[in-house]
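Look for chain A in each of the two complexes below; its partner is chain B in the first and chain C in the second.
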Partner chain A sequence: MGEMEELRKEAESLKDQITAARKTVQDTTLQEAAAGITAVGRVQLKTRKTLRGHLAKIYAMHWGADSTLCVSASQDGKLIVWDSITTNKVNAIPLKSSWVMTCAYAPSGNLVACGGLDNMCSIYNLKGKDGNVKVMRELAAHTGYLSCCRFLSDTEIITSSGDCTCVLWDIETGTEKTIFAGHLGDCMSLAVSPDFKFFISGACDFTAKLWDIREAQCRQTFSGHESDINAIGFFPNGNAVITGSDDATCKLYDLRADQELNTYQDSSIMCGVTSLAPSVSGRLLLAGYDDFNVNIWDTLKSERVGVLAGHDNRVSCIGVSSDGMACCTGSWDSFLKIWN
Partner chain B sequence: MSGSSNLVAMKKVVQQLRFEASINRVKVSQAAADLQQFCMQNAMQDPLLTGVSSSTNPFRPQKVCSFL
Partner chain C sequence: MTIRNTLRDHGQRYRPRMACIKKAEKVLLEMQDPKTGVKSQPQRLVITTIPHAITGEDIITWLADRFQVDTQEARTFGSMLVALGYIYPLQDHKRLVIKPDVSLYRFQTPYFWPTQQWPVEDTDYAIYLAKRNIRKKGILELHEQEHYNRLHKWMNHKWDFIVMQAKEQYRAAKERKKPDRVVFDCQERAYWVVHRPPPGTVSAMDYGLDRLIDPNADEAKTPDFYERMMIFTQQAIMRPRVKSSVSISALVKYCATYRSHDPFLSKCLPSNPWLTDDATYWTLNMPNVEIPTKMRVERWTFSFAELLSDPRGRDDFRLFLKKEFSGENLAFWEGCEDLKWGEAATMREKAEHIYKTFLARGAPRWINIDGKTMEITVKGLKHPHRYVLDPAQTHIYMLMKKDSYGRYQKSPVFKDTLKKAICPEEHQFSDAQLGQNAKKRWPSLSPIILQQMEQEQKAKMAANVDITQLCRFTTPVPHLAVYSGLNDFPTANASPSLAFLAHTPACPSPISVALESTSASERRAEASGGESEGDPAARAPVGGNVSKSRMALSLRRLLKRGCTPASMFASLSPKCHSATGTSSRIQPISPDQPSQAPPRRIGNFFQIKVDIPPECRIYPIESEDEDEQSRAASRGGVGAKEIICPWESLTPQNGTG
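Showing the complex of A and B:
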């Protein structure tokens, strides 16, 4: 009994130490520091393409590295690989389980992955010999739903799950290489750093965690949100993290200052953030909300600079292509839209 | 025994907090300056920020057929 009480006291004391250490380096705020720079002005993007073909809610999309192909997952039980420029369907992959919640495109373009309420991450080879797309591996070990997955390469993938853990898998052997445990709630989203050394996870315990992939260690934990974190992404230079939450706000946390630098919110926005993506310079943050819109924020000045209105239902996923040329939104209205 | 597994879990929590407390932190002024600098340096290469002219926009319908 005594030891438990001592440990609890030490934990509280360490939390206070962290709060104090963060305050010590807080010699200004990002908004103050950015006061002098030119405002972005109104950002007006137009729908350039509408990708039609799914028959039910779209839950996830991910751009391929070539900025042309992208993959989407719908609860109609299909994974579709699209050529976003011609709007042609390059592949339409039927899934064993239609309860899909996430999908990912490997950087090589050879593989795609998906998963959901089946608790598994299924890997598909797009470049099989006979031209048929088949399941290559089924990664099964999570005891909760698969909320997100991201490839490190053709041989490694990271998954996040409703079982509160994230896992690094060896795709060839189909086994878990590392289990990242520490979150106290369902892990909802993950993003890999530009140098592939770290990843961040957002969870229903209202925190985001930064993980060192090879050291298998949680390095930093960021709090401040008042509800589940549904979406997470890296600022393009890899030094900051952006989160989106059911509390209707997005937050920017700097990794080196170890603290929140900005909150993106407006009293008129009262619904949850479902998805987010920064533009390639990091100056714009595009975030999808439950109210069917995407809001565009100036990340430095924390002002709303645009709205993308075009979907007839919740925007569930969003992605900016790697050359920065376009933003793709996916919705429960079954359509994907390409904007720039 | 649930008592001892709670103790093990709590020790891990404390160990993790010790680790997180020990990291070096950079001043917010420095972090903010670096974020701003990155945005400025890459602004011109950000098509969503600068806008895309129809002649260079791969998603704009072409008026003339072009060979790929």
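Showing the complex of A and C:
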């Protein structure tokens, strides 16, 4: 027992050391640096398109690498690829398991992936012969539900799971290449850096971790949230990380200075953040909440500059298209809305 | 009273909402404060008065005041409190919203708050429904009836117990005073509306799917756990950190730089397709458009990564590098990217191909990296894997970034592109035109088609690789036409020989092989451009069979023109022979000889055939190889010369590195 106590004390002292080390580099705060910047003003986006077709809660959506195709997954057991300009459904893929929690679009546009309570990540080939969309691979090794997946290329994909691990898969062989273990709670979401060298994961242990894909190591851990982290994303320049949590706050962490820079919260907002996406310049942060709204935050000044209200149920997923022209929100009311 | 569930519910089912609910409770306590809270008034029923009723508008006003938000937001906030079950409506009890009028609400008793640790059990619900049934038959709603029937079937084994409980509660309720009874009935009814909502309504208690980790379970704090944590923490402490000011100013600068490129913050020209249904913006910004827009060109100046990630930017950069004779850097970088992200099956060949083209001593497109990196890379290539070329790639990337990028931005190529870049006029659509646009909406180009276009582009590029460019030792001769051999590795193995020559204006080559579908005259016109753009003249066909048929076609053509087959074949065959010879020498690293150094002679892999008059023997030809000699023999006989890349030293059997 004494040994445990000593270990615990030592661990605590190390944690204090880290805090001290972080403090020494902190010679300014974001608030000070952003004080002189002009405000963004009210940002008003309106619904331009509504994508109707799902019959149950939409759990996830992801934009393709071009500007107009996106894929969405719903618990009615369908994965639909939309042409958002015409609102046509390009592909409607029936799933084996209807308990889907995530979907992803490959940067090449050839593949889509999805997964959920079946603990598997299913990869579908959109470019199949004679136009049929077929399952290309089923990546099964997780012991918990699949919460998020993101493609690195047509041959590699990273998944995060409720079994507290993230895994890098080799799609061609269908095997795990690397297992990233370290979280103490369900990994709820992940995001890949713009240069594809790192990825971050947010988990139910209230922390976010930065992983080096090649070295298979956890580089940094960010704490500060008081509840499960549901959503995570990279700042567009790849040097900062934004997390959204059930405690109704979003936080901005700096990777290089290893600090928490900003918290986006408001006393009138109580319900958790389900999803977030930064705009192309990084100045705006769009975050979807449980109270059926999306709030738009000015990342530098930490002010709320807009609200997107239009859904009748929780906003479960949000994404900004690759050219930054439009943002798509998916909700439990089974509709996707494109805002601009 | 319902029996408290003895099993400890870990609060799991409330977990996703727990943080929210705790905050809501704090607000509720404030609201109930007799002095600063919401004013309450007594509710008048027929003969009884029930105290502590509050109106909807009072709630909204109080919330708006407390949180400094507008009425609409306060209304949403209030509706959330009702949906969670903290406040319940007295009239219209099934709709859990706040109405901004005098409709009455009351605070729910803490016993029924969602944070209570006891789970909402079906047994309780069954008792509740049974109780209502006893009180007055036929009072249950349709969905409640369905629930009742279902529970009756499912809990049949304890139905006696349930009915007994229900009767007991009913009896106990009758003994209460009327106001208390009314209040309690309302409370209980509200509780069940929240937790067993009518179908089609949105329930605030719906939190989606359960998390796997039990939030209340104690973590296993083994010594091992602490040790691992300490190791990690120690590593974390030692990690280098950048000063906050530096990092933050980088973020701020990024936002400022990209602000005009953010469609949410700035207008986009000519018009935002989402607003006007006019897709001109996307057409002007296609990946491989001829003339880019000014905004796009501006983006290339933001960072080197931006330039490389835009295909059009990369093309421009490639053009610039070609003029500077350092195109091999970019080609190497692209090759490495291809290796990293490509399929595993072709990885080995790709790695070898890259090695032969860029890294081997005497390689035709040798890149300049320092000795250490070269050593690491060559060693790694014995067992090639996806990231084997990473150090070399990083080195070349930094080289390009620090050196070429800066010069590119000052170069005439870039300035020219910038000048030509278009700045489209803003669209001014009238309403009628907008309507028209909406009707004419075209589906977007499928990414698969875009990819095919890209592949075609790539194939074209591969055929016009920079080695067609003359090396710096030569001066361009006006009637020179420069060709490239096949450089596609797999096809080279498949189809030996096949060197393609085009007509030259001054001295018509005895051999002309039809390329693609360009006519001879076209080619002549293009070839007379002289400068080593190389694009039109040489187009490597994709497959061996195709080239063979082309050969046949061209032979026929030649014969028509009256060339003697003899001379033609004389020149053809040695080449064929030597080419096969060379291709046979180009062996992939055989797996059973892993220790062998990478292949020795690869220079002839890229055959630069230069059609120059015999008196212009510019290139020093030093060859010690047997096929070189055979080629030299053939050289004497035929006008067409075959020159190997002169800056390579043709060391036979030497091993590289």
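Heads up, the rule we're going with is that the second predicted complex is superposed on the first by the 330 of 340 C-alpha atoms of A that agree within 3 Å, B and C clash if a C-alpha of one lies under 4 Å from a C-alpha of the other, contacts with A are read in each partner's own complex, and residues count from 1 in each chain.
Convention: contacts are C-beta pairs under 8 Å (C-beta built on N, C-alpha and C of every residue); 3 or more make two chains touch, one makes a residue touch a chain.
Predicted model, so just to flag it, every value in this text is computed and none were measured.
When the two complexes are overlaid on their common chain A, residue A:G324 makes contact with chain B and with chain C alike. Contacts of A:A140 after superposition on the shared chain: neither chain B nor chain C is touched. In the superposition on chain A, A:T299 contacts both chain B and chain C. Note on chain A: of its two partners chain C and chain B, the one contacting more of its residues is C.
In the superposition on chain A, A:A34 makes contact with both chain B and chain C.
After overlaying the two complexes on the shared chain, residue contacts for A:N110 are found with chain C alone; chain B is out of touch. Applying the stated touch rule to the two superposed structures, the overlap between the chain B and chain C interfaces on chain A comprises residues 3-4, 7-8, 10-11, 14-15, 17-18, 21-22, 25-30, 33-34, 37, 40, 43, 45, 48-49, 68, 85, 182, 218-221, 235-237, 239-240, 254, 256-259, 261, 279-284, 299-300, 323-327, 338, 340. Across the interface of their complex, chain A is touched by residues 15-20, 23-24, 27, 67-69, 73, 76-77, 80, 202, 206, 208-209, 211-213, 215, 219, 221, 223, 226-227, 229-230, 232-234, 236-237, 239, 241-252, 254-259, 261-265, 268, 272-275, 277, 279, 282, 285, 305, 340-345, 387, 390, 441-448, 450-451 of chain C. The touching residues of chain A, counted against chain B in their complex, run 3-4, 7-8, 10-11, 14-15, 17-18, 21-22, 24-30, 33-34, 37, 40, 43, 45, 48-49, 68, 84-85, 182, 217-221, 235-237, 239-240, 254, 256-259, 261, 279-284, 286, 299-300, 320, 323-327, 338, 340. Those residues of chain B whose C-beta lies close enough to touch chain A in the complex are 6-7, 10-11, 13-14, 16-21, 23, 25-36, 38-43, 45-49, 52, 57-60. By the touch rule above, chain A contacts chain C in their complex via residues 3-4, 7-8, 10-11, 14-15, 17-18, 21-22, 25-30, 33-34, 37, 40, 43, 45, 48-49, 57, 59, 64-69, 83, 85-86, 88, 90, 99, 101, 108-110, 117, 126-127, 144-145, 152-156, 162-164, 170, 172-173, 182, 184-186, 194-195, 204-205, 214, 218-221, 226-228, 235-237, 239-240, 246-248, 254, 256-259, 261, 267-268, 270-272, 279-284, 290-293, 299-300, 309, 312-313, 323-327, 332-333, 338, 340.
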